[in-house]
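The two complexes that follow have subunit A in common; it is paired with subunit B in the first and with subunit C in the second.
== the complex of A and B ==
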């Protein structure tokens, strides 16, 4: 579904969908406390709304067990009583819904993850963001230019690979850039690919105390004005594949012609779809119980 | 599938005389024209489409020849401005969509003119070269010969590797075919070589085309007008259900090149000139190529990147069709799902009327009709299933 060209709305009006990582397992060990992080982000969101009267901001929280919409600047503020003189209504609305979300998300935790930091549901919030953006496209020729900003700290979950790639390709077809700001300790291969394929910006800030400065200089500009700026370029996105058998990164491998699984050595039979190589496969092998395997990149 | 000449009116004239399209316009309370609500029509079309695609194995590596009929019949003007121009325009869109959905496949173009079939472009994976070649050769004359086209394509498709699926898509404008020999024999040859032939007719249904498609397992359809033609053509973009015996499963050796560092000067093997930076290095012979996916010109290794393979994974892991659900305010169990889970649009229309929406059979979340179409045709992820662990 191609988007209607948004030249009919002023060039520099944006719809920014922010995917906020609220994974408690990550935030409990992060170098920047969650409250400080929120203050940077709220100031940034405010500044987006100030740059242009018609700008729109939507926030989706990426939890470790669920995802949900937290804030939409275009919807009527529900509770004017929350404006208590110390905080504008935007912040208090957002914070209240965020708190409700985090409490609900924690309740859904079934067991405590023993080893390592669990991943957050990036594929879920990306999918919800894209559905919302499609709704904006449907409103007619007058709409702001949408883009997605992922504020991610949790590591990539390999089980989400196929879903994240589907979302990335759908964003590419709809011409929606995915920007990434990685707050965690390590780079995120998923987000590097997302930003490269969709034409967004990928950044891993070195000094998290100055997060607001990174956000406002790199991620605040609308898509039209980006052509005049020198934004961080992708340095070495690794598109090599991992073999399904050992999860090693390979630069030459063998692909099953039926299911496109990647192997590093010649095999007699494909472990994913069961096809025997070198002879015509029978119909019984069309997998009915195949789960989404996790090819890592 | 009706003839275009009926009652002495052209097809475009009949839209005014018979169908009275102005009667479907509506006014709202203030007298302004309300846009025509096509949502339920699109959704019904989409439901018809997905009903036919069950969870069966699909042929992912396709070698497709598109045969364009440039005989006298293609200059007919019942499709504006002419059949040939309409076909060319939609082939361009189809080629881009095809490579988007099948990144590892290849297309070749063949034209039929003056009773002869000629190969316009060889099998290749670059959309621009095909489109450019087609746009340069848009003249039509003479008769159309189905047998010559099939013979030509048969010869080429016999040379492709055994794991590939062989397909031909014929865009036929003529109402007859002038063949040098017995076309039934040619059809049997194609059937023996496991080539799946499909035809999209622009004039009327022809027995020989129907027979060809039935014998080889392809699909035959006749376009009623331009938008119908576009729809029929784009139906061939997703991989067709694979007939298991047609292609032999094989392990294909492929390379995953790294992107060369910026500022490195090397001679690129596709353009034969020195280029600075960018490009990819073949892991086997270290030649430089400009874009992926491609075949290394020096050593013949197929070069792809992992996103190209990932583009086809959604064919292997499709999401189930959503169930239609009728929401009404009075039902206490449904009160929690007032908004579409994907786009947050309200699912209720004022007036207490039951609305039509859909629900995922796995996660039970409700979605609006537009999100249903978007999820199944473009996104291939159910937001509900992805948002809950």
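== the complex of A and C ==
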């Protein structure tokens, strides 16, 4: 597997964008209570701001129906004196915005989900994070090194496959690593791919009540220091895709040779680019018309 | 210019050379812990975060496993720095294996700082009392003006009127190494003196601070107290007024010297008097860190400022 090209940074000034999964269906059944989770995360965020005066932390809440910014350490504090009591101010600002967000997100739910936890809008918060980072890039050559940390517990939503992959490729182009810390019960194929493709770190902590230790040992590492430190490597990556027609996860299907859209069954023409496909071969024929999506090694 | 890195590192060397008990006493102040943390190389900062909640010593061998081959020299530098500043304490067990753990005082206070945040021992005064507070621009102009006055007195050979309140013996301490001090000869700028004039303001300030602190014992002042106060001052808010009566007697005397260096401005109200930290004071902890590349932008204004100062001063000197 080819190493991911990364920018060479000479100092440790970081911009950390944290995507916080707030899906209430997930949190109501999670092994770690949301309040304990928040206390680990808040201490972690404060530690990032502590180690370098120029570090910046932004938090985006990933809800079921919406996403929004809930904290930005660089925004001018209303009362400059709070700068010194940073932690209480950080806590109260963030928690207040978080509560407003969750209430608002819940109101947007049109119907009660029949079964299962349902997914959260990872694609939305990833996109918002990348837009914010693009703006930072444009402030000039002296910008903090940006990276994204996804704190995700909800399962992947296959209907978000295309949007998530687009965000991942965009992050790869901009050389913004996406770190993943999975706190749900199952692994996330989306996040495994995201971290693999962008050169970030993927981790599913074994013991969630030690979350701060995982965060400080692995995810607090700035991009400059990653050249020198051992970080968890992926054991294997789940490269399965979703079909564009039904959003089902598949590992064998049809691909348009013009735009590489994926379909689970034969169509007359591609719904993405409009190319007309040739005659369908009946099943059981040679495998030349059927392309299997396999991971490139 | 890498000068700030070198000078500031020397400051940390000076902190490191304090006796163990004094250093431990310094670490009772959470702002000192934060300033020291920020001054360390990136790998050392990382190690502190990782070890923050670990109560048992970790073997040096285990720590080496954290590092890739590329990082080994940086690893050694980080560990050495941590030991030098007594942030890491070293123990050897019966098997002669070295282990490290965080200095317990440092550890407890940093944990507290992380969870509860740091609170300064003084609050800014309410604005209804502090009328006539200078604007940030005026304050910056004042600070640089004071600093220029000090520099002028520092390198002047013929100045008869005193521009600052520093005693002549104190000025001689500052001038050591920068001016030749030979009998029956007018003092002249040495090579180091010229280099000093070319450094940016923060580097010059650190140099003077270092001399001021090194000399403190002769003046009957505890260097640890002085370092503690200076670092704490750097965490105050620029432009805010803090009541003088929140300072100890020693701190009040120190403040008078700091006025001459442009670090604080003193003002008097009807009943109370207060001090206002300038940017020169609050930038102190920032320039402590190893990363000097970004400071080029921050100090751009200082470069313009000091290059004209150097011009003025060396003109004065050569004349």
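The criterion applied here is as follows: the second predicted complex is superposed on the first by the 220 of 297 C-alpha atoms of A that agree within 3 Å, B and C clash if a C-alpha of one lies under 4 Å from a C-alpha of the other, contacts with A are read in each partner's own complex, and residues count from 1 in each chain.
Definition applied: a contact is a pair of C-beta atoms (placed from the backbone, for glycine too) under 8 Å apart; a residue touches a chain by one contact, two chains touch by 3 or more.
Keep in mind that what you see is a predicted model, and the values were worked out from it rather than measured.
Looking at the superposition, the partner that touches the larger set of subunit A residues, subunit B or subunit C, turns out to be B. When both complexes are overlaid on chain A, the residue A:220 reaches subunit C alone and has no touch with subunit B.
Of the two partner chains placed around the shared chain by superposition, subunit C is the only one that A:53 touches, whereas subunit B remains out of contact. With both structures placed on the common chain, the touch criterion links A:43 to subunit C but leaves subunit B unconnected.
When both complexes are overlaid on chain A, the residue A:236 reaches subunit B alone and has no touch with subunit C.
When the shared chain is aligned, subunit B comes close enough to touch A:275, but subunit C does not. Residue contacts after overlaying the shared chain place A:252 against subunit B, while subunit C stays out of touching range. Residues of subunit A touching subunit C in their complex: 10-13, 43, 46-47, 50-54, 80-81, 83-90, 142, 212-213, 216-217, 220-222, 224-225, 227-230.
Within the complex formed with subunit A, the subunit B residues making contact are 55-57, 60-61, 100, 104, 163-164, 242, 244-259, 283-284, 301, 305-307, 309-314, 316-317, 340-345, 370-371, 374-375, 377-383, 386-389.
Within the complex formed with subunit A, the residues of subunit C that make contact are 34, 37-38, 42-43, 45-46, 49-50, 52-53, 65-68, 70-71, 74-75, 113-120, 123-124, 235-237, 240, 285-286, 289-291, 293-294, 297. By the touch criterion stated above, subunit A contacts subunit B in their complex at residues 1, 64-69, 72, 108, 110, 121, 123-125, 127-128, 130-132, 134-135, 138, 160-163, 165-170, 173-174, 193, 197, 236-241, 250-260, 262-263, 266-267, 270, 273, 275-283, 285-286, 288, 290, 292, 295, 297.
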